[in-house]
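Okay, structure first, notes after.
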Amino acid sequence: MNKERFDKGLEIRRSVLGAEYVDKSIQNADDFNMPMQELVTEYCWGEVWGRPGLPKKTRSMLNLAMITALNRPHELKLHVRGALNNGLTKEEIQEVFLQTAIYCGVPAAIDSFRSAKEVFEEMDQK
Amino acid sequence: MNKERFDKGLEIRRSVLGAEYVDKSIQNADDFNMPMQELVTEYCWGEVWGRPGLPKKTRSMLNLAMITALNRPHELKLHVRGALNNGLTKEEIQEVFLQTAIYCGVPAAIDSFRSAKEVFEEMDQK
Amino acid sequence: MNKERFDKGLEIRRSVLGAEYVDKSIQNADDFNMPMQELVTEYCWGEVWGRPGLPKKTRSMLNLAMITALNRPHELKLHVRGALNNGLTKEEIQEVFLQTAIYCGVPAAIDSFRSAKEVFEEMDQK
Amino acid sequence: MNKERFDKGLEIRRSVLGAEYVDKSIQNADDFNMPMQELVTEYCWGEVWGRPGLPKKTRSMLNLAMITALNRPHELKLHVRGALNNGLTKEEIQEVFLQTAIYCGVPAAIDSFRSAKEVFEEMDQK
Amino acid sequence: MNKERFDKGLEIRRSVLGAEYVDKSIQNADDFNMPMQELVTEYCWGEVWGRPGLPKKTRSMLNLAMITALNRPHELKLHVRGALNNGLTKEEIQEVFLQTAIYCGVPAAIDSFRSAKEVFEEMDQK
Amino acid sequence: MNKERFDKGLEIRRSVLGAEYVDKSIQNADDFNMPMQELVTEYCWGEVWGRPGLPKKTRSMLNLAMITALNRPHELKLHVRGALNNGLTKEEIQEVFLQTAIYCGVPAAIDSFRSAKEVFEEMDQK
C-alpha cells in the first residue's frame, strides 16, 4: 500500500460518499475484505478520482451512467448520494438517467430511477 | 413518425456526428433499416439529446462512458468523433476512459483507448 | 410529448401490464420520474409495441428472453405477468427460459425460473 | 456423448444453420474444439432446439433478440441465416431488432441491423 | 434425459453444493421448473463438472470469477459455499475477487465481497 | 505513479504477455494513452498479479473465464498467449472454455474457442 495515495484517496472518498459511511466500511473490514478496501481507496479514489482532469461533479455523472449500464444497484445508490454531495441537482440526475434509457435500454433506466427514488426517500426521512 | 421531432433530431444528429455521415446513413437506408433510422433520429436525438437539461458536451462524455461499459466499439468510434465536435479535448476523453478502467474493468478501458486512437489516426490522415 | 402516441401507448401498456399497475405508476410519478414515464409510454409502448408487425404474444416472448439476458429481475417479473396477459402458457414461458439456459448461461435461466415462480405464487395467493 | 441425441441435434442444426456450414464446422474441428462441437450439437440442438414446445420459427426470433442483448455478432449472423431458413421474413427480423432498440438500447439494435444487412448482401451476391 | 449422466451429475452437484440444498431443490421442483433441474443436473454437473480435465477446486475458482462477471449474486452465494466445500480457503476466495476488481471493475468485486461475507456470516450462525 | 510498483508490474507483465509485446505497447504510447499504460502496469500487474496468494497459472485460468464472460476478444487473445506462457496446456484451456459454455452461454464459449484457435494458428506460423 502507498500510504500517501491511500490518505489522499480516503479524503476524497469521505468527501464524496460521506465520512460516516466510509469510516464504518473501513472499521468493519476484517482480514477478508480489508485488501479490497485498501485497493479501492488507493486506486479508485486516490489515483483516478484524485486526478485534476475532470471536476468531481462530472465524475459523478459518469458514474451514474456507467453503473446503470453495469447493473449494480447497491453501488448506484451510493453514487446517487455522492452525486448530490458533489453538487448535482435532481434534475441533472434525471437527465443522466433519461439518456441511459436510450443507450442502455429502458429496463436499465427504470431500475436506476427507482434506486434513486429510494435514496431520496431515505434522505427525506432523516 | 412525428415530423417535427424527427427534423429537430436530424439537426442535432448532424451537428454531433457530422452531416456527411448522417446524410449517408439516411440515404443508404432501405426498407429494412429505415424504421430504425427514423426511431433513432426521433427518439434518441430529437427526444433525449434535444432536451435542454444538460450541455451537449456533457452528453458526449456520458456516452463515452456508457458505450465503453456496453462494449459497442462501432458506436464508440462515432461518439469519439461526436465528442470532439461537441468540444471535448483529447485530455478529457482520456480522463473519461481512465475512469472506465476502474468501474468497467481494465479490458473495457483498453478497448476504448484503442478505438479512440484509431479515430484520431483516421482524422489525422485527412 | 406527442399526445396521440402517448394515449395509444398507455392503452397498450395497460392491456399488457395491467391497468391497476400502470395507473399507479403514473399517479405516483413525481417531477423526478414523470419524464421517464412519458418516454416509456410513448416510445416503448406507443411506438414499438404499437407496431402491427408482430403479435403481442410474440413480443412478450422476446421480452422474456431479452430481459433474462439483460439481468433485470424487477422488469422480468412485470413481463411474466404481461406474458400471461398476452396469452402465453406456463409451458411456453418454460420453453423460453430453457432456451435462455443455452444462450445466456445457466445462472441467467435459474434466476428467471425463480422470478417466474415468485410471480405465479403471488398470483395464486390472490 | 449420447449418440442418439447428438444425431438428433446434428439433423436440427443442419436444417437451421445449413448443412454445408455445419458439416464444415465438424470436419474442421480438431482435438481442441471437437468437445465443444459435440457439446453444442447435443445439448443446444438435440436437447433444447429438439423440444417440441415451441416452433423453430419462434426459437429463431428468441435467438435474434437474445444474441443482440448478448452482443455476439458472429453468432448473430449465423442466426439471421437460420431465421430465414426457419421462415422468418425480413420484416419480422426488422420488428425483432426494433424491439431490441427499446430494451437493449440503441447501440445494440444498430449493430444487429448492420450485421443482418451484411448477411443479406452476402446472400444476394450468390 | 440420460439417466446415467443425470445420476453422475446429481452426485457431483450434491458433493459441491451440499446434499440438503440439492435434494430440496429437486423435491420442490414442479412441472414448471423440473425440466430446468434436469438440464442443469445432467449438462452442467454431469457433463462439464464431471470431466476429469480440471480439479473441482479449480472449477470453483473459475465459477467465482465468471459469476462475478455475470452479476448473479444468488448463484454466487451458492458457489461460495461450493468453493469452501471444494477446499478453497477464504484467502483464495479473496484473491479471486481482488482479481475481478481489475478485470470486471470495482463495483463487481465489491458486490462479490459483500455476498461472500453474507455466506460466511450465515455459516457462522449455525 | 509509484516507481517501485510500476517496475514490479512491468516485470510480471513482460513475463506473462511477452517482453516484445509489452515493450512495444509502452514505446508506442503517446500522451493520450500513456496514463493508461501506467495505470495498468502498476495497478493490474504490480498490485494484483504481483500478490503471492495464487499461482500465475491459476490467475491465467481466471482471466480466460472472466474475459470470455466480459466479451473482450482482443484481450482474450493476449491472455491465451499469457496462459500458455504461464504453463497452461491446450487441454486446460479447452476445459476452461467448456465450463464457460455452461455459465456464460454457448455463444460466449464458441467465440473464445475461435479466438484461441486463431492464436494457436498465429503461433504455428512462426
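For clarity, chains are labelled A, B, C, D, E and F in written order, and residue numbers in each chain start from 1.
By definition in this document, a residue touches a chain if its C-beta (ideal position, glycine included) is under 8 Å from a C-beta of that chain, and two chains touch if they have at least 3 such contacts.
A quick note: this is a predicted structure, and the numbers were derived from the prediction, not measured.
Asks: Walk from chain A over to chain E along touching chains and report the minimum step count.
Replies: Counted as steps through touching chains, the separation is 1.
Asks: For chain C and chain D, which third chains touch each of them?
Replies: A, B, E, F
Asks: Given that chain B and chain F are copies of one sequence and touch, is their interface built from the same residue numbers on both sides (over half shared) or different ones?
Replies: different
Asks: Hey, which pair has more contacts between C-betas, C-F or E-F?
Replies: When E-F is set beside C-F, the one with more contacts is E-F.
Asks: Between chain C and chain E, what distance separates the C-alpha centroids? Give it in angstrom.
Replies: Each chain reduced to its C-alpha mean, chain C and chain E end up 30 Å apart.
Asks: Among the residues of chain F, which ones contact at least 2 other chains?
Replies: Only 39, 43-44, 48, 67, 70-71, 94, 98, 101-108 qualify.
Asks: Could you please specify the touching residues of chain F with respect to chain B in the complex?
Replies: Per the stated touch rule, the residues are 31-33, 35-36, 39-40, 43-44, 67, 70-72, 74-75.
Asks: Would you pull the chain D residues touching chain A in the complex into a rising list?
Replies: Contact set of chain D toward chain A: 102-108.
Asks: For chain B, which residues are in contact with chain C within the complex?
Replies: Chain B reaches chain C through residues 2, 5, 39, 43, 47-48.
Asks: What residues on chain C touch chain D, complex-wise?
Replies: 43-44, 48, 51, 53-54, 58-59, 61-63, 65-70, 91-92, 94-96, 98-104
Asks: Can you tell me which positions in chain A touch chain C when the two form their complex?
Replies: 71, 90, 93-94, 97-98, 101, 105-111, 113-114, 116-117, 120
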